[in-house]
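Shared chain: chain A. Partners: chain B in the first complex, chain C in the second.
Moving on to the complex of A and B:
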């Protein structure tokens, strides 16, 4: 599939007020992400990984600079437009899964589609496809409280992928998982990345994630200190 | 629809907390309907009893007559025309002659009003047929409350004194022929009923009456020399008293509703603080803040829907049962109320009452749910996702 830039960040600065002073989380950061990348933002806590993900996901806005996601400038989006961008084009995966506790696995995955006003048959097929990708078709009626951590994160992946977004933003997706589950999750995402050409961006400092990435951006004090393309040998 | 579906799911998922609120609100809902239904039932019953026992389908009054002014009674009488006599014969009108008098039961003196009424009348429920024809003895019927206050029994003689049309005092002993039981105080308290012909003779007012009670068969028309008073007029005071009782009762209902609504408000405030991560997730999944506010508002308001369902589940059988068996009030021996109070009141639950109550419960629950939900629109989604208190 042809690669083209899906995210363009130019001279991004993000400041937060901390009491009477200000804290600069991202400092003059520029970055271009191509469609279909499997990219990791790595760095210590406070380096700005999550802040960058939040801005790309239009959950937050830049203090300065320009962030363009799928040809839309994040700073100029209204609440409604940014909600639409998230609903149609961006999937989120969180460290703590953030599943809706009163819904079943099926309903959690279906939720994103409900907003798109699709017919129930189309929704059903999409949800079952997504659950098949993550191997949870036997858990459709389970509630999140009945699942293991690994299963919860697979539900979260299915939820983020069910609407076939162009970008998936994953914030420390393996932080709460053991090694076996982490590899399973990462392999699932890698497969989806290949199959659907979805762009994955991780915020992580988990070493296990590194060997799956094809690009690694190291952040420190809100700045990019290293941008590496990783070549994996085909097996 | 999506908001409602999500709200119901969230509510049911919240378990006991939801049900405590729903039970409290359903209790308020049922009680409001019960109380108003009882007042409406009482109102209808009182009106029916008053119509049956006292006012008929309306009355023609002598122009001078004012039932609240005893001084008007003396001059409030007029002869009955041929036209009226024909209607009386057909039992479409019942003539009543009224006079003030003093009764002396066991040496005491009490002010009474004597009603001369046609013993053959069938318009009013008064058991006038039990009045024997005068045979040297004059007979009277009285109500149970009057009998008890004057310590009179059937067969007792009662000395009464009155002034005739010339203002001359006269006195006579009458015998109590029967005692009737009636729920309408103004028919009973201080009233003595004797045959109209007897009273006409006592007052020297042959063929005269003070008022004419109309019956079902009366074809309404003006009667020369008489003023028609319809039941809106005759029952107006009773209506006012019942409405005032409704207002005082509504204070209790409002308090009960407020307690239930405070519980919902409290739950909503707690819910919004506890479920910040969920709120952040909704926003990350593509809901606008307004939609999330909508979900939480509908969720709070859905308490009222569940309360209505729950209230209906136990309220409908309860109301049906009460409607069949009525609510025992006991006989108002001393008739403290000026309102007719039957021994058993049958509540009346109108569609209007139920719809208004449902609307009140839904609207108030929605308002108290919206107030805390507004805070969501000021939340930062990035902080909400972390579940940080804002």
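Moving on to the complex of A and C:
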């Protein structure tokens, strides 16, 4: 088997039309991500972090350049193919959790599996596993409104992980959390990263995130200005 | 997935309650109005059939042209012979003679001087022969307010309103003034055996019901009658059967050049009944149309509001790998579901109220008091089988249309744009 990189971006340009003019959000950006990385995109607001995550997640398409995610070229995917890519291989975590308020914790996590034709017993096992990873097996019947912010984000992590995706894209996952909760969910993700070899990509301002990363890419005005590998002294 | 959506609808009241109420209301009105119109029209037609038009009616050609004047000088001569022929040719129908005439009803005081006087519609039917079905047909027994049915010649019934107005008591005498069949002056005195109220403003204002033979004597109409009415003995009015009946009769008996030859007409031709029937049908169609439009607009807007609130849900579902098309489709499924629930509730209420109005009626006499139309003053709805499904047409179409329009706005947005909005 080809030991290729999981994400490969070459000379990516993303322009948005703003009124009559155009705005370049990503400018000639190239990047390769290997399987199992725990990678952070940092940079000032408006530097293009979210835009880049959206393109990797095939929620948006490149204006120019080539983006390959799990051997699929994002630009050439049909709606159906890109939906399938997200459904099978990519998990998302948002700053605002975005749990569905009318559904229970269990149902929120199960939702991610409904599009795959799995039997309910298989679904049940996967959901319980995912909730166990994040330590919420005792809250299956709770509604999101009854949970703390940290718990909500852990449900969101379980939802993104339940289908065991190869890539998890997390946009400011800790921005709404206090330090204790931030560390808790980062540790959870780090553990999953090690255990399942899932590739995590964060967009973040948060200093607390930095010490968990093993690679940090700094963006400015849609360009990579710094790309550092971080070696952690094991403690 | 469907189960998931149903759960969502049931739990998210703000998403489902308003649309369900809107749909239920529109469906309720559609269903109820259809029952109401059907009931009123049926009563109206039935009443017309019993009182004036029969299921079919035979008059002379000349009479037919001036029917609204009830011209007794154009009555059918040799009527018993014609009636017998009809009875043997069409034995499944009952044939009855009637005389209709206008006149003045005069109430004398003890000295024989006029105490009060008013115009009256005179109707002569077979009141006295024991085999006559006329009393029952016109519901006379049930309409008697005071007194009793005439039991011998010379007795008559008058409308209660008239009797009240001129303080006529049961047993008093009244005189009917008019003209005979030959155009000479006519007056005939009757003993009032009872008073009547039909709940029909036209008849209740001033009417006298007398026996056919009395009228024939008074009006010089030996073996003559204004009209012969035919009623199906064992079935309700059937327009197709009536049409072929009239055609065959007219081909045999009616001669265009002879204005005294008989002419048969059917209920639907009489007094614009066909128009009423058509109106009743169109009304329901029109109502469905109006409610579809009105409800769609309301539901479109509630749908838009709902969709705005569900942006984050749609965004998440996109991120989880649901296709936009699929999300759009599921909102339509939800609409169908809400449409069905709302229609169900609305139908239930509409049928219930119609049923209540079928059994109890709604007295409109104060409002219809001055209408000269043959119209029942107690409105009754009628529960028909179609009521049970008719409401689902506007109910489901409107929700689907409303949601489709609302959803379209989202559908047209690019995935990325939707997602971008999710972030904020």
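By our rule, the second predicted complex is superposed on the first by the 231 of 235 C-alpha atoms of A that agree within 3 Å, B and C clash if a C-alpha of one lies under 4 Å from a C-alpha of the other, contacts with A are read in each partner's own complex, and residues count from 1 in each chain.
In the analysis below, a residue touches a chain if its C-beta (ideal position, glycine included) is under 8 Å from a C-beta of that chain, and two chains touch if they have at least 3 such contacts.
This one's a predicted model, so the numbers in the text were calculated from it and none came from an experiment.
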Clash or fit (per the criteria above) of chain B with chain C on chain A: clash
First (chain B), second (chain C), both or neither touched by A:229: neither
Partner chain in contact with A:88 - chain B first, chain C second, else both or neither: both
Partner chain in contact with A:79 - chain B first, chain C second, else both or neither: both
First, second, both or neither for A:115, with chain B first and chain C second: both
Which of chain B and chain C A:59 touches, first, second, both or neither: both
Which superposed partner A:103 touches (first chain B, second chain C, both, neither): both
Intersection of chain A interface sets (partners chain B, chain C): 50, 54, 57, 59-60, 79-80, 83-84, 86-88, 92, 94, 96, 98, 100-103, 107, 111-112, 114-115, 159
Chain C residues touching chain A - in the complex, by the definition given at the top: 1, 4, 7-8, 11-12, 312-313, 315-326, 415-416, 419-420, 422-423
Contact footprint of chain B on chain A as seen in their complex: 50, 54, 57, 59-60, 79-80, 83-84, 86-88, 92, 94, 96, 98, 100-103, 107, 111-112, 114-115, 159
Residues of chain B that touch chain A when the two form their complex: 2, 9-10, 12-14, 277-278, 280-281, 283-291, 380-382, 385
Complex interface listing, chain A residues touching chain C: 50, 54, 57, 59-61, 79-80, 83-88, 90, 92, 94-96, 98, 100-103, 107, 111-112, 114-115, 159, 171
